[in-house]
Amino acid sequence: MRLELRADGLAVEGNVALSTLDAVLRGVGQVMLQNNTWAGLLFAAGAFAASPAAGASLLAGATISTLVAALLGADRGDVRAGLYGFNGALVGIALAVFLRMDAFFWALLVGGAGGATVVAAALSQALRAHALPALTAPFVLVTWAILAGHPGLSHLRASDAMPVAHLAAAAAAPGAVALSTLAEGTARGLAQVFVQDHLASAALVLAGLLLASRRAAAAAVLGALGGTAVGAALGAGEPALRTGLFGYNSALTAVALVALLPSSRWAALYALFAVAATAVASAATSALLAPLGLPGLTAAFVGVTWGALLAAPGFGRVVPRGAAPKGGG
Amino acid sequence: MRLELRADGLAVEGNVALSTLDAVLRGVGQVMLQNNTWAGLLFAAGAFAASPAAGASLLAGATISTLVAALLGADRGDVRAGLYGFNGALVGIALAVFLRMDAFFWALLVGGAGGATVVAAALSQALRAHALPALTAPFVLVTWAILAGHPGLSHLRASDAMPVAHLAAAAAAPGAVALSTLAEGTARGLAQVFVQDHLASAALVLAGLLLASRRAAAAAVLGALGGTAVGAALGAGEPALRTGLFGYNSALTAVALVALLPSSRWAALYALFAVAATAVASAATSALLAPLGLPGLTAAFVGVTWGALLAAPGFGRVVPRGAAPKGGG
Amino acid sequence: MRLELRADGLAVEGNVALSTLDAVLRGVGQVMLQNNTWAGLLFAAGAFAASPAAGASLLAGATISTLVAALLGADRGDVRAGLYGFNGALVGIALAVFLRMDAFFWALLVGGAGGATVVAAALSQALRAHALPALTAPFVLVTWAILAGHPGLSHLRASDAMPVAHLAAAAAAPGAVALSTLAEGTARGLAQVFVQDHLASAALVLAGLLLASRRAAAAAVLGALGGTAVGAALGAGEPALRTGLFGYNSALTAVALVALLPSSRWAALYALFAVAATAVASAATSALLAPLGLPGLTAAFVGVTWGALLAAPGFGRVVPRGAAPKGGG
């Protein structure tokens, strides 16, 4: 066995347990597009800081989906980079929020995280022609399928966090938006990427990002702030803003576009516009899904980021002719 | 005129009526992916066993969509193999279930089955780059469009089988699931592929499959059983299980994946997982569509099978590198 | 500066204001697929005939989306042909109908029309492999996102024209359909392309079409008449028919297919069938979106036209082998 500690994680040879652990933690890191074991470790600590159940389900989801990919013979480089882990990690932690965690929950998680691996492979294949990454779409689709099915399946029991179906979307309760609303909304927005709203989780998420990439950390904070500010400007309810519900999709959009577009002023402006559009898309998905009793998850991030990446090569100021957008995670 | 009876149907030359009949029956056979006239004949007999109206609308739909494809100049080989007939056949028999069969019904069927032919050509074209078959997606889209439009169109009158819109999905009535629930659910699941729940229909569908391909017959039975068992494990209501509502999508997924993936233990395990995922997807589509007053039809089969086929080449154990999944269906 | 007046618009060199004006008016013309400044001028006059607010928001939307495309460095030929203007124009006039036009409205319009430009570039890229134009899909997606989000965003205030969410689709009120219903429905159908129902608007839209292309004008009138007639045959409510709600999607389908398919009797028959299918799809989208409180906009046109264009090369009688459908729009 050979083991080396590097800035981005472990370099292991000859030890399956340790190399799996490395892949699983990189998978947790990829939730925010970081192929970095230590970032994943801090993100996981952030989930545990919210609750042991959240941390355990996050790691279980990442482990199951990574192992299923390895067993089915997926590309080893992709598996080791955590590209098959992050959707399963999110399926795990989201189901832990919206369902009751009885014995049945864990059986379901095996199926859900395994399903996320298959959907991730399917979307990667479908999107290859457009050089688009699948992002967290597999997480969104699998989680929606499981949560949508629950009313007719009595062994899937919803937690109190599950939106109540067939209620109209609540009208905005404007309340007074203060500077503290924006600050807290930005912070909690980082935690909401992992479906949590604890400030301790947010701090650990930020620490992980800083460790992996200062650029990504700055993008995440500015994205969360931008989304929250746009939400406030549009008149979103104060509680929704404060709990970070307008922050997390925009944070992800910012991180993804900063990672995948060339660096330039025009690209930064373009990403800023996408951050604002993500806030509107986020309000739209929540309102459309509320009567179905489903949460919006990261659908707004996925939709807007796909659109922005697809459109970018058509705009010479964003992607200079001849340059291709960077591929990626 | 030259006429020959073969194991898979008629070989006709010089007689338009007979060669059309052969194409129409192959179209009925293709509902379960069998390019086999005799299988189509037995499937049609299964529909007539349920009711003369069901049989007549199935054959009318298959005939109209096949003729429209031939008139518009579609590829003759595809028309003769029934590839333009099965979606029209399903549109026919599904509209006969959900609408009242007045004079207007038959006029509508001409449009609906013709529309299925155009949508089938469109989807085949769109999916060609991914080597995916359109499956029964044209049937699902056309039938949803017609049924969704009916509240504003007074000449389209819903039958009693039509789901009532704007009611919440019924909570699962667990009841006692017995071995007889699984057995009956599996059998009726085969009939539900043709939107019927008669045991006589199921027997004729099984006979048609056995005649065309024992492998397909085994896949259909195991798929229907698997979907029903997973539904039971998730706590689905006993009546839904017994009437085959958790069987038909899973049966189709099994038949399609056994036909289109290479034969191996890993591929079989992969198909089994898809069968289970189809049961969850089926519960999800029913629950999501219930408040819209629409039935789920075979959307769960189409979605899961597309995903599984798209993902397969990314998994070396399911599709060995170098091997391509078989085309088809 | 060089300025020349041509049959299809201005030929300007050395004057940014005039060449922008030309591109903006061509953008308004492209709402009905006409790359023609004078048609755009008459269409804009039609919007002003309905109300100054409608005209101003139409021009503002077209201007913003054209300028955003130019600023981001989109292909200059496409910008000059108005290809980046029509979706923004429609976003402007539709938001003016469904939202209250306070100060906030205009800020929102900048984002919405800019967003339409990005979505248009994204869809053009995604659809390029299939040689499909984006049509008015960017308008539909952006407008739905903004309107769907409004219940949770208190600064977006709905006008009285906004459908009330969570009400079941109204049952058809058959009323007596007279010849005057068809005539008025056809005329108002032309105005409804611009989300208006004034007869003066309809007359100016028709004048613009006649000036640009008699073929397109004939297609629009026959399309609107065909959609209204099919709606009547299916039992749609008289008021919906008379106000042109069954006309506008079908008119657009007819104009697009006549422009993009080869000229032949079979193609005309095929377009006629698509016009009828558009009427059914239009009833379906309205009914499905009614409980969500969203209008159907031109989704039926986009869906059916994409399907018909995708399928056409598979039908030898519609697109003779070897011939490709014309690009465009």
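Observations, loosely collected:
A, B and C label the chains in the order they appear, each numbered from 1.
As a working rule, a residue touches a chain if its C-beta (ideal position, glycine included) is under 8 Å from a C-beta of that chain, and two chains touch if they have at least 3 such contacts.
Only a predicted model underlies this, so the values are computations on that prediction, with no experimental measurement involved.
Between subunit A and subunit C, two chains of identical sequence, the interface residue sets overlap only in part, with shared numbers making up under half of the total. In this entry, subunit A maps onto subunit B through a rotation of 120 degrees when their C-alpha atoms are superposed, rounded to the nearest 5. If each chain is reduced to the centroid of its CA atoms, subunit A and subunit C end up 36 Å from each other. Counting partners per residue, subunit A has 129, 291 as the residues that reach two or more other chains. Those residues of subunit B whose C-beta lies close enough to touch subunit C in the complex are 69, 71-75, 111, 114-115, 118-126, 129, 144-146, 148-156, 165-166, 291-292. Taken together, the subunit B residues at the contact with subunit A in this complex read 129-130, 168-172, 174, 231, 233-237, 240, 266, 270, 273-274, 276-277, 280-288, 291, 306-311, 313-318.
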